[in-house]
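We just call them A, B, C and D in the order they show up, numbering each chain from 1.
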Amino acid sequence: MSNATATDLGSAERVYSADNYLHAGYGLRSWLLTMDHKRVAWLYLVSLTVLFAVGAISAALIRFDLLSPSGLLDASAYNRAFTVHGIVMVFFFLVPSIPTTFGNFLLPLMIGARDVAFPRINLFSWYLYSIGGIFVLAALLSGGVDTGWTFYTPYSSVYSNSAVVFAVLAVFTVGFSSILTGLNFMVTVHKLRAPGLTWFRLPLFVWAIYGTSFVQVLGTPVLGLAMLLLFLDRFLGLAVFNPELGGDPVLFQHLFWFYSHPAVYIMILPSMGVMSMVIPAYAHNRIFGYKFIAMSTLAIAFIGFLVWGHHLFVTSQSVYAGIAFSLLSFLVSVPSAVKVFNWTATLYKGQVTYEAPMLYAFTFIGLFLIGGLTGLFLATLSADIQLHATYFVIAHFHYIMVGGAVSGFLAAAHFWWPKMTGRMYPEIWARFAAVLLFVGFNITFFPQFMLGLAGMPRRYATYPVEFQPLNILSSAGAVVLGVGYLLPLAYLVWSLRYGPKAPENPWAAKGFEWQTSSPPPLHNFYRRPVLEADVHG
Amino acid sequence: MSSMAHQFFYLPEQASTIAAQADAVLIGWIVLSVAVTLAIVGAMLFLGIRYRRGARVDTTPVDESLANRIEVSWIIPTAVVFVVFFFWGGYVYYKAYTPPTGGDPLAINVVGKQWMWKIQHSNGVLEINELHVPVGRKVVVTTTSEDVVHSFAVPAFRVKRDVIPGTYTQLWFEASRPGTYHLFCTQYCGLDHSRMRGHVIAMRPADYAAWLAHQHPQRSLAEQGAALYEAYGCAACHAPGAHARAPALAGLYGTRVRVKGGGELRVDRDYLRRAILEPHQDLVAGFQPIMPSYKGQMDESQILALIAYLQDLKPGRRGPSP
Amino acid sequence: MASANVEVPFEHFESLEQQHDAARMGIWLFLVTETLLFGAIFTAFGLYHHLYPGAFSPASRGLAWELEAANTVVLLTSGLTMALTDHYAFELRRRKVIVTLALTILLGLTFLVLKGVEYRGDYLAGSVPFLAGGWHYTGQDPSHAALFFNFYFLLTGLHASHMVIGIVLLTILLGRAFLWWSPFGVRRMIVGVGIFWAFIDVAWLFIYSSLYLIDRSGGT
Amino acid sequence: MAAGDRASIGGLVTVYLVLLALLAASLGLTYLELGIFNPIGNLGIAVLQAGLIMAVFMGLRWSSPLVRVVAIGGIFFLSFLVVLLLADYLTRGLA
């Protein structure tokens, strides 16, 4: 640690093994009625893992069906599989994943606070999330939903006779939970920073969580409205989107994507925040261009609200609006490019070591780069005509979501595991899993770029026979990817019991959270932590 | 150029005039992306290895002003490349999405219906999931849907446009290579979305004429429209002789009419369709809202036939045009 | 925390002032989401009003705007009484708080009753598109007028549901004010509910103008 | 009107009366024949009333600048939706 003076906690207070937050209470009540942001993080981590499993199983069904051109599942099962995969992965894993787990756990620690601004609302958000999960279960039990996670009308409001109502309730509830989490974190960052911790001394993860919360609070209400109108269209025949009664189906697409494009920034910004912490930590070097990365986060959060029209390039949207949205979509890509350049430049003149989180960081940079570049294809108007709604789009957003967001999630899990659990994870297994995931991922999704260029449409249960070889390759990759995900689950749970005791700062990283014990005490700090020379690493 | 795109970049062969330009943008992006990826991943690995822990290298931090100059050195080129591709792609998109005005294009009506394509030629030929077009002649396809949103996509022609119920969308192409190409529905539309496929058969003009001769449609689209015009008794009010209870329809298509409540609208297909289904919405000024709505009595193909008849109706000509 | 005379902040806040400011910011952030929710409906309404003026204008002129003008006065008065409640709560004057709270609830209920009267009138006039037998509209362009009435019921219904939530919160507040166990807790809650209630007034002003007034000119 | 850091009772009643006056003006406006200025007038008055309520009844006048920014922030982001949505629908006819 650098020349920290006043923050040296007295040695007497270092006797922490007894009173850390995990030992602060036992039994179900201490978990289900907890006000401690660290325990709420654990509640989310467990429920996220369960729902990720539901999403992963449905993904396996999709890849299984596409093994043969005539589809191994019947069309309705396939449609339900990709719909539940979309809904669960987007709304129940990717949007909440990092903010509600590592954001919850680390935000107060990183800014030197004892808890988030509204602890009760924090717990209430988790209950709303769980109710949303129950609605998804209800949707599955009553026959599943076959509208796709985009719920395009008039199919979803008039023609589909699947459990759309449960899906809409699930999305509405988890959206409300997302709003409350965002609201909570924004007030926390504004109001509960330690004295002297100005905005430009905040760790970049806090910037990322702030940007994410900003987008969550401002985008989700319009999704809530789209779901409410869809619900009323379906039940009361409120014809807002029904073309026969004068409604315009494209208006639903506008309202849906006004939230759903900023939502992809909700999904990727936290992982970017994790990268901005992990890479400097293992490069043992200051982050390159701290201000540029912080401002890029805000730029993405702001301009992210202006670009949703690139999802409507091939529909009845006017050509001029398309041109405007294309330019804005390019504008929003610049900050992302700046971040990738800065992460790479952070390695310059560093002392790089390659623990598992750093491997995930390298995976993130490589795959997010490809995801970002292919996103530029889709922002280019003429290329979108050819590539819209083909497997190119599927490969693009999986490179960003799985290659980017999930790698970020796993990097965060490994990087802060010692701090959260007081245990070290098995390093060799973790590195092996990181490499296996990288290989499995690329075998699964790189062929889909080629399928997309060849014109294979998405959401097809059956397809022309010439696309089969690449689909079989992709399905094979999916098996490797599936196994790859089981590894971290296994050895991290194993480490809870058998992992070696973790020191206070195993990676010699900077930041308030590394100044407390592992796992930290119930009230985070015995005395208000005072600023180090440059806490932002 | 065409086979290269097909060989190296997995793109379907270029079977329409716009394909080459569209592919140029795509291949430009692919090449640039591969280059950028190699550059950055290469830099990452190089820096990662050169500055690994324990390497005897100078690790004095980079000073602030140099760092800012480096930042600008990669923001500006990125932005410039983006703007270049924005204009290039926008230009090709504008050309692909504005139907040709002159040159007597072949008019095709396509009605998407849950899980099949009904394709009407102007001479009355009706095809299901099949579209025969001559090479070298512009084809303008007007699409609508009878139920949900579909999307008419022919990858080989590099065309794709959503088919939306309640309104008409248009796309155009000019086939350049004879052959049979995939026709896909690329907007999820329910159970058999993946079976809503068909073929577009581009033929040399001679073969197309021979094929056309074999089809012996009873009546052209306009004639079918005329039959509907009679069957639904439109002539009772709209015939020129009728005592001015409804606007005369001859030669009305393409002109502008003043609408009740102010404002002027162009009489295009959308206006005619609305006038048939929602007569009171954009009432022509000076007329009473007495026309009954025909919603639910005609399906989209019949409406398109009726509109084809109204398009051909010229003042002074009694019968429907051949 | 329930000490009689001085308010102590929750343990994770540094100062009282920080806690109040955080609470106020939290409430306003929640109102931002409400603004976007109502705003998006207004945007859709404005869009359809632009697409189908021939149907929306006559339908709007047919509404009972005088009844709703009275209702607007009721709501503005309840806004005043709520502001007075906040004023007296700041000074911890229990009796005054109870009186003004009761007045606000009464006015809120009056608003809902008048709204119910109007809904019944709409049903009898046959302009409720989504109820069986509730739609026999004789005006111009009936199918798009149905769209207008869909938005009319959507906006006023959503507003009424927010009124119900507000009244429930006010009733809880009335109970806590009556018991007066934690005066500072009551004061904190009044600030929150007060701002939420004033927001409902703001939303109603825009609903009233856009549904009832913008299509009227020259007294018709 | 407002002493210290909140509105006085007199201030609140005054604002209430101004709100009623503005409502009367808005109703009066509907009796005039101003074409496009009718809706603009009505909505303008509604914006004035909303501003008054937010400033005094909701206490923005005495809140920290941060809270004021948050109060206006919602409308700012709503304008993104309105502007770009209208950009699409208004330019459809031109293509």
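Methods note: a residue touches a chain if its C-beta (ideal position, glycine included) is under 8 Å from a C-beta of that chain, and two chains touch if they have at least 3 such contacts.
A quick note: this is a predicted structure, and the numbers were derived from the prediction, not measured.
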{"item": "Of A-B and A-C, pair with higher C-beta contact tally", "value": "A-B"}
{"item": "Nearest-to-centre chain - CA centroid comparison", "value": "A"}
{"item": "For chain B paired with chain C, centre-to-centre distance based on mean C-alpha positions, whole Å", "value": "45"}
{"item": "Distance from chain B to chain A - Cα centre to Cα centre, in angstrom", "value": "36"}
{"item": "Multi-chain contact residues (two or more partners), chain C", "value": "21, 25, 29, 32-34, 36, 40, 47, 51-52, 55, 143-144"}
{"item": "Shared-contact residues (touching 2 or more other chains) in chain B", "value": "97-98, 278, 295"}
{"item": "Residue numbers of chain D (touch at least two other chains)", "value": "66, 73-74, 77, 81, 85, 89, 95"}
{"item": "Interface residues, chain D side, partner chain C - complex", "value": "6-9, 12-13, 16, 19-20, 23, 26-27, 29-35, 38-39, 42-43, 45-46, 49-50, 53-54, 56-59, 63-64, 66-67, 70-71, 73-75, 77-78, 81-82, 85-86, 89"}
{"item": "Chain B to chain C touching residues, read off their complex", "value": "259-261, 278, 280-283, 289, 293, 295"}
{"item": "Partner chain D, residues of chain A touching it in the complex", "value": "190, 218, 222, 254, 258, 305-306, 308-309, 312, 316-321, 324-325"}
{"item": "Contacting residues of chain C [partner chain A, same complex]", "value": "11-13, 18, 21-22, 25-26, 29-30, 32-34, 36-37, 40-41, 44, 47-48, 51-52, 55, 129-130, 143-144, 146-147, 150-151, 153-154"}
{"item": "In the complex, chain B residues that touch chain A", "value": "9-12, 21-22, 25-26, 29, 32-33, 36-37, 40-41, 43-44, 47-48, 51-55, 57-62, 67-68, 70-71, 74-75, 78-79, 82-83, 85-86, 88-94, 96-98, 114, 147-149, 151, 153, 155-156, 158-162, 164-167, 169, 182, 184-195, 197, 278, 295"}
